[in-house]
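Chains here go by letter, A, B, C, D, E and F, matching the order in which they are written, and residues are numbered from 1 within each.
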Amino acid sequence: MRILLVNGNTTSAMTETLVATARDAAAPGTEIAAATGAFGAAIVSHRAEEAIAGHAILKAIADHEGAYDGVLIGVSTDPALGAVRALLPVPVVGMTEAALLTACMLGARFGLITFSLASAPGYREAVERYGLASRLAGLRTIDIPLARAYAEREKLTEAIVEVADALIEADGAEVLILAGAAAAGLPAGLQPHVPVPLLDGIVCGVRLTEAMIRLGAPTPSRGSHAPPAANRYVGLDEATARLLRENAESPGRS
Amino acid sequence: MRILLVNGNTTSAMTETLVATARDAAAPGTEIAAATGAFGAAIVSHRAEEAIAGHAILKAIADHEGAYDGVLIGVSTDPALGAVRALLPVPVVGMTEAALLTACMLGARFGLITFSLASAPGYREAVERYGLASRLAGLRTIDIPLARAYAEREKLTEAIVEVADALIEADGAEVLILAGAAAAGLPAGLQPHVPVPLLDGIVCGVRLTEAMIRLGAPTPSRGSHAPPAANRYVGLDEATARLLRENAESPGRS
Amino acid sequence: MRILLVNGNTTSAMTETLVATARDAAAPGTEIAAATGAFGAAIVSHRAEEAIAGHAILKAIADHEGAYDGVLIGVSTDPALGAVRALLPVPVVGMTEAALLTACMLGARFGLITFSLASAPGYREAVERYGLASRLAGLRTIDIPLARAYAEREKLTEAIVEVADALIEADGAEVLILAGAAAAGLPAGLQPHVPVPLLDGIVCGVRLTEAMIRLGAPTPSRGSHAPPAANRYVGLDEATARLLRENAESPGRS
Amino acid sequence: MRILLVNGNTTSAMTETLVATARDAAAPGTEIAAATGAFGAAIVSHRAEEAIAGHAILKAIADHEGAYDGVLIGVSTDPALGAVRALLPVPVVGMTEAALLTACMLGARFGLITFSLASAPGYREAVERYGLASRLAGLRTIDIPLARAYAEREKLTEAIVEVADALIEADGAEVLILAGAAAAGLPAGLQPHVPVPLLDGIVCGVRLTEAMIRLGAPTPSRGSHAPPAANRYVGLDEATARLLRENAESPGRS
Amino acid sequence: MRILLVNGNTTSAMTETLVATARDAAAPGTEIAAATGAFGAAIVSHRAEEAIAGHAILKAIADHEGAYDGVLIGVSTDPALGAVRALLPVPVVGMTEAALLTACMLGARFGLITFSLASAPGYREAVERYGLASRLAGLRTIDIPLARAYAEREKLTEAIVEVADALIEADGAEVLILAGAAAAGLPAGLQPHVPVPLLDGIVCGVRLTEAMIRLGAPTPSRGSHAPPAANRYVGLDEATARLLRENAESPGRS
Amino acid sequence: MRILLVNGNTTSAMTETLVATARDAAAPGTEIAAATGAFGAAIVSHRAEEAIAGHAILKAIADHEGAYDGVLIGVSTDPALGAVRALLPVPVVGMTEAALLTACMLGARFGLITFSLASAPGYREAVERYGLASRLAGLRTIDIPLARAYAEREKLTEAIVEVADALIEADGAEVLILAGAAAAGLPAGLQPHVPVPLLDGIVCGVRLTEAMIRLGAPTPSRGSHAPPAANRYVGLDEATARLLRENAESPGRS
């Protein structure tokens, strides 16, 4: 099977890290294709940048050539997840959604570790949006910018281990999630220092996308996840308009 | 004061109706300027169309010439509300948000009337996103497409009165909201047929935007509603990129 | 338009501060009339005193001579708010309710600053009563009695800034509310020391009462906010009994 | 032991019914003393009447001569329950609170039967105030005024049995509560017609007040249920002022 | 009346402590009979041990000779409470459930004190299962194993007083619960050191079981608390099988 | 990989159906081993039977010879799921948990279809236990006993389609779950008649257990899902006692 991993950030170096993490995680026989946002912020970190990323994700999918059996959205709090899921006839999973649902199968309540006060509320809102607020033990923020953190790995490890400890001992977290696409690949190396599972959204996302592809649930024809009704589109690039029209309700479809 | 009313749909006839409704509602001295989405769906009605509308709203604001003291987002479930609010130094209100908060000051629990099963979940999610789920008495859907409904006004009135009655008598709603931009202007005419307040998001939105402009709360410098940190943008049209940069954190700003 | 500001405390010096704060906040053309509780505690600060204040507020309104277009209840956690709202044919807003709803339009989650452990639960209950518990980032208490605090302004500022910092950095609050009528007028002076909006219930209350007056929603004839059914009253002073009877359901009314 | 049953309605005939129901329910050795509201509505049924009843309950307790070991508040949605509980050094229980907590020990979720659309929201708010919203299966309203209902007992029985059936079969209620003081005494006769426990707030209230008296928990000295700090009272009748002062924090108390 | 106190731990010394605590708490005329788990852990402290305790409790009841009017389950987070309640025709109460419901009648929000990080989540889940999450101010854990704690009483008192203080001053708890069967009997001695009520689940449990016995609610014939439908059982010891069959729905029962 | 499917019912014919359904669903290379409860009810359908099933599941695992990489619990509302998960060093998933988490990745809110009023509350409690109450659109019950239903397949199909329709059109469900082990295998045949995905807990369970096995999260050493502390066990059969001891914390383990 082939999973299309969509990076809503416009930095292709990050796409490469996401893809590498995804390939390590994938089952034998799972291929990872990738698409990167063509417009917007280098690293999405503000609400306005995330709104733009939502559109960029749709366009990246529209522009992607080649088939895929499922989509994994790989950026922060899963922008446009509902939009893509409701549009495409294949399974669609978000990296933060995947980490949260996986955490539910590993312990009582989970803790989130984020990397800036500006992005923390978005993660809390994602937890609430997925209806999982009662399983959130705590959300704590580390104030080292990830960029610098990469340069000073030891300090980052220390900082994460300290925050992890507070989440476990004071807040009662039984599973931890290192939030955000920029943290992809980090949990594996940190796991030995943390006494509970430390999840990576991309790794969880690959696992759950594979599971959903194999499940093969049908596309609904009722509700907000049914294909769009025929509509009139203006001002859209050709690929996006075609993506919308191809997936719209129609006599020819079913 | 001047309010910029942003229609995230790309139909300018709808913008005109929204503006007319807003002007009727505005206090003496309040001017209503308007902007319409330049790309996307004629009438936003699917999750994918709403994701695109989020970007279109930002671009419509970026393209708008002339000053304004506050922004009212006028489309369905307030796409990009957090994005615009977190970006601009002026108050920003969403039409559905405004209707919900106004309802809170008029009765115990409110009821929502929507016009398709496909859009209903989005309204419920908006109620939850604003943290008001415990004040939702019920959400009921009328299955007459609004387009046809306009042609057969009497039938529409009958259908709304019937649904309103069920929301009040069976669900315990004490205030009602006719959801969506497409319903702007309708509540005034229907009110005499309904025994509790029937709210129009645009009317409530104008009132609350005026109130927020007069309040003059400062722009936060911490958290997810603080200006974006300096970032690198690619592939954006010039106006949107400028809007992001102008409102970013900077030594020159404060 | 004229707003009747009702102080449920029996201290008229406090009424004067509330009125001064309200007048500063009011739009041109808005007049502020005032009424003070005739019986009960000098400064309401215990549950039993608040129960009495509920009645005192109704009586203060009954005793008030002169017309008004809306009512703003100005004491702690809005005692009798539902009672007054359900009784009068004009808009009624509570100062804490107003601060909370305003906060919802300014950031993701809000923090409350209260001035005693004895009153803190009442504010938390108000947040829950308004259905906004999921938007409460935290509630923290300063243990300086406000009376002494007024004498030592610098210490108060320091204490508030410290608590504000904890609410923002540790709890994730994006807007703050200085709770209670006794704090009216303080936020304006403190705002420059706090990096997010710091709200004053009276200021927010004036803004939202003005907005609700302009909105002009009709009085419901169904539900718990409809006028009282004819009832038999005993032992009430004449003004209160008349207020109840005048606003009761009747053939002559509609 | 002696329980003071306080009727917040001003109708002494109702007090007699409440007392008779309470005496039937009481354990051997439990005496029931009674107090009736001296001012306010004959039968509390509107939010404004309930606000006044809160004060009337405090005054009725203040006016009561003779000792008691606990207090049962016997009117609708337990007005002033927190106030009385926080003031007196003896256990205080509300009739609706008692019915709800008892229901929690009898089944998974409970259903409420109320007698007017105007009072229903108050009961729902009580459930939420006690933090029990997730155990509410449903709340349904019978539209026969209780006054007429008493005259036509058979019809009332039919109506209640019908509503009970809907709460059980459609809403999933496993215990039922006949809400309100006016319904005191009715459940016993109706129980044989209903396949799950049908609770009477006064009966449950007597049981739980007895239990709390025997428990003998100490009065807290911290928080919102600690005695009031010394305060200045104006305009209160002598008995109420004395009640407040006697129960205030003081060096002589502990 | 006679209450059967069931200890789901297999340590009979603990049963003796529970019984002694229960007898101290019981009203004159209440007898306490006891049953101890015949299989499982000496002191239940892990989820797997609790699952086994659920069965052991049913078997202990099945094996018990002699009549009883109500059952009090006395172990940690009330394993098998729903099972026993749904099976027996007499009232059944859990010790943690009883403490939580009693706390609701004593203050606004309660705090829980637990004795290991491993058991804390179970108590939080019990609070949620009873639908009382919004009344939980905080749950804090003391890291002294109770066994050692008994040897060093002074240290235990200090530790509990410190945790109690944090729950009251920082978390806003107004009532405290010392969680778990192993703590039965401790609160009475500690109460003088704590400024709010400190509850003992066994003491509260005896009080509420007495209240429920006197209430005499009928056994439901609908829902999940109705007797089991006739079923085929295999591999069960004779007493348990008989208990199930005796309490099953049958023509002879009513 | 090998999944151990544990049927908590004692009917081995049902185990065969579960295994057949699981094998159809499994990925190539996934083997399904099975274990059946050795004691308890033929088909678990009452709370007391479920409490016993919890123990029976642990014993079935203890008695199972042969290795496995993960466990899928296949009976009603996942009894003992936490117990088994916290005990074993391999992933453990419950069939109802799996269906609910899968539903979260397919639509906004889900609906549950159950087969008796007696079992419905247990499913609702499972949804709440997993923290997913806000995603439950509705739970509706069909009153055909499954046994008879199997004989009259056409009627069953009609009944399910009718209930599905109500869940979708009136309650707003976007995904449906046919609840319970007894329904395993049915959804595949019914799917063509239902316009949204209709989930089978066993099928979802196999998918998610596979995903969790591949994920390979480590066993936590802190919290309620860490191995049991050394304890003393009495009265247990040898296999269960060994299972507990083997998985307990120990110097030799890590």
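Just so it is clear, a residue touches a chain if its C-beta (ideal position, glycine included) is under 8 Å from a C-beta of that chain, and two chains touch if they have at least 3 such contacts.
Source: prediction; values computed, not measured.
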Between the pairs A-E and B-C, the one where more C-beta pairs touch: B-C
Chain D and chain F, separation of their C-alpha mean positions in angstrom: 43
Chain centre separation (chain E, chain F; CA means) in Å: 28
Shared interface positions of chain C, touching two or more other chains: 82, 85, 108, 117, 120-121, 125, 128, 133-134, 168-169, 172, 174, 222-225
Every chain pair meeting the contact rule: A-B, A-C, A-E, A-F, B-C, B-D, B-F, C-D, C-E, D-E, D-F, E-F
Chain B residues within the chain C interface of the complex: 27, 82, 85, 91, 93, 97, 101-102, 104-108, 130-135, 168-169, 172-175, 191, 195-197, 199, 203-204, 207-208, 210-212, 214-215, 217-218, 220-225
Contacting residues of chain D [partner chain B, same complex]: 117, 120-121, 124-125, 128, 133, 139
Interface residues, chain D side, partner chain C - complex: 10, 37-43, 45-52, 54-58, 79-80, 82-87, 117-122, 125, 128-129, 222-229, 231-236, 240, 244
Interface residues, chain C side, partner chain A - complex: 108-109, 134, 168-169, 172, 174
